[in-house]
């Protein structure tokens, strides 16, 4: 995995998704190298870069041009991106233009989570998976509910990570905000 | 309990201990109004003020004069302090000068945790309790070990609290750093 | 607070609410001795007993007669209950029959959370508070949403507690399930 | 990753290490296929199987013959094990007999953590890594201290995971015990 501090950042763009969460998402994704993957709300590109290393084709979608720009710069910095299409569009519009996919990772939704999940579901190949990372209580609830309405069996894992900060007087555990990963089974 | 944002703060002084932790410490303390309590490393006075409301006499100890000053100001702001002695001394020196106590809450130790626990133990009345709040891994370990060496049965509770921050787009859970409470049984 | 293991239990009745959660709920409740409090879904009586020690009148409601029975036995065991009315009714029916209240703690809702919150809200005196303890994701979401719909400002605190289990080879931290406390401000 | 419930279990043998922890350990391990890896205290074989898929050679060590047996059966069940040596020995004895290694994952230590870390350190190739997974407070403290004494820079990450259990009435988050991962940088 790429360490958090090796991403170029833009103060107006969220992310990158913390290393531990990227790691768990990639474990759930179970990519074998031949998949088509979509990163909805790519932000700083944390998930996009991990997908670029593990899938055959990646669509990174964000409606904020600054997110697309910083994701592009991060791909370049890490020698990745040959298999990545950057799409500076609303998620709904972008997904409507895509064909079949094997994986959708949804980190941002611009208030259109239900429509995004419907579109991802329609494009999902057999054996494919949808993964939502959520920091908002409402997103957790809606992702769970929408995915069930679409007929999926759904799992949810909540992760709280603290990392040790080494001080002169000892090791202080510094908490990251809890994040939930909602995924189709 | 006094809300966190109703404490006057000094940027050089740690604290106040978060409301949820003060609450759990006071539950463990089980004060009934007639006790002598010591707050070692009083910092901003978070624990001192809660003790002032529940014990008959409180000794608030800190070697940093700024901590003593801000604790004094917080007592005054909340109309407390008649039963509080502020001691601007090293914890060891301060404890050596005290008589019997019913409760010692130890939030700071200046690297002298073992000696502080010995002194508190020697002064502890039957039925009294020692409570250590620890954010450092090393403090957790040492508090547990020293209290056992002193012949106590010991409990430890680790608490992770997240509070909802209400954003336009939803409710984000914001993590506080985990804290451990080590206490004699 | 009453230790968890000093409650008589019935295997068919949930609870008691863990000590740490009872402690935080009581801190939020801020009772001064003269209040009328309702415990909706009293289960084993964990919250009811704490309210009995701190309020002037307590209504403990549960539609399961076994919950009412075990709450009664726990009150008796701890010499409490003179100020407690046990109501073996649906929460909605019970609340409809009550007058003004200062505090409602809602731990169980039988699928009628919205109606329960409406009724509690209608009966709530100025300065009163509604507190929901939730272990289900859906309850968290709905409590937050319903209370806002009713015009309240709302806070939410999520608490994860681990307690040390002392083994021969060391101290293992054993996790309790996370619980959320949603409360009116 | 191999789901937790696809491991054969022996009630007398701990593990398997939970999926989320295996996932994070493998992320930290960063294996590229050519490495020599050691699993100290292999238990049910959770880590051993993941190493078998990612390293060129794996030594799985446990002094309990039942652990060696169940790890062997799990390797076989998943079609792995050609590159795995099962060593039914004390960790110290086993490590003394090994040559250079690229990775040591230490989940069990039989009270000899310091000596195990010394031996692993002596055998570690440039760019190699030692990872300790700890559920005991004492192991966290000692791993951190010993690795520093050996001259390493050390990181520590504590992870708390809850998984949703789908009940008729909603989604209950069920906590796993917190685990710490201590690793050399």
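A few notes on this one:
Going in written order, the chains are labelled A, B, C and D, and every chain counts its residues from 1.
Operating definition for what follows: a contact is a pair of C-beta atoms (placed from the backbone, for glycine too) under 8 Å apart; a residue touches a chain by one contact, two chains touch by 3 or more.
Listed by chain with UniProt protein names: A, B, C, D = Probable cobalt-precorrin-6B C(15)-methyltransferase (decarboxylating).
Everything numeric here is computed off the predicted structure, so don't read it as measured data.
Distance between Cα centroids is largest for the pairing of chain A with B. We define each chain's centre as the mean of its Cα atoms; on that basis chain B and chain C are separated by 28 Å. Between the Cα centres of chain C and chain D there is a gap of 42 Å. Residue positions 137-138, 144, 156, 158, 160, 162, 164, 171, 173, 178 of chain B are each in touch with at least two other chains. Taken as a graph of touching chains, this assembly is fully connected, with contact between every pair of chains. By the touch criterion given at the top, residues 137-138, 140-141, 144, 156, 158, 160, 178 of chain B touch chain D in their complex. In the complex of the two chains, the chain A residues touching chain D come out as 1, 19-20, 23-24, 26-27, 30, 144, 154-164, 166, 171, 173. Those residues of chain A that touch chain B in the shared complex are 111, 135-139, 160, 162, 164, 167, 169-178.
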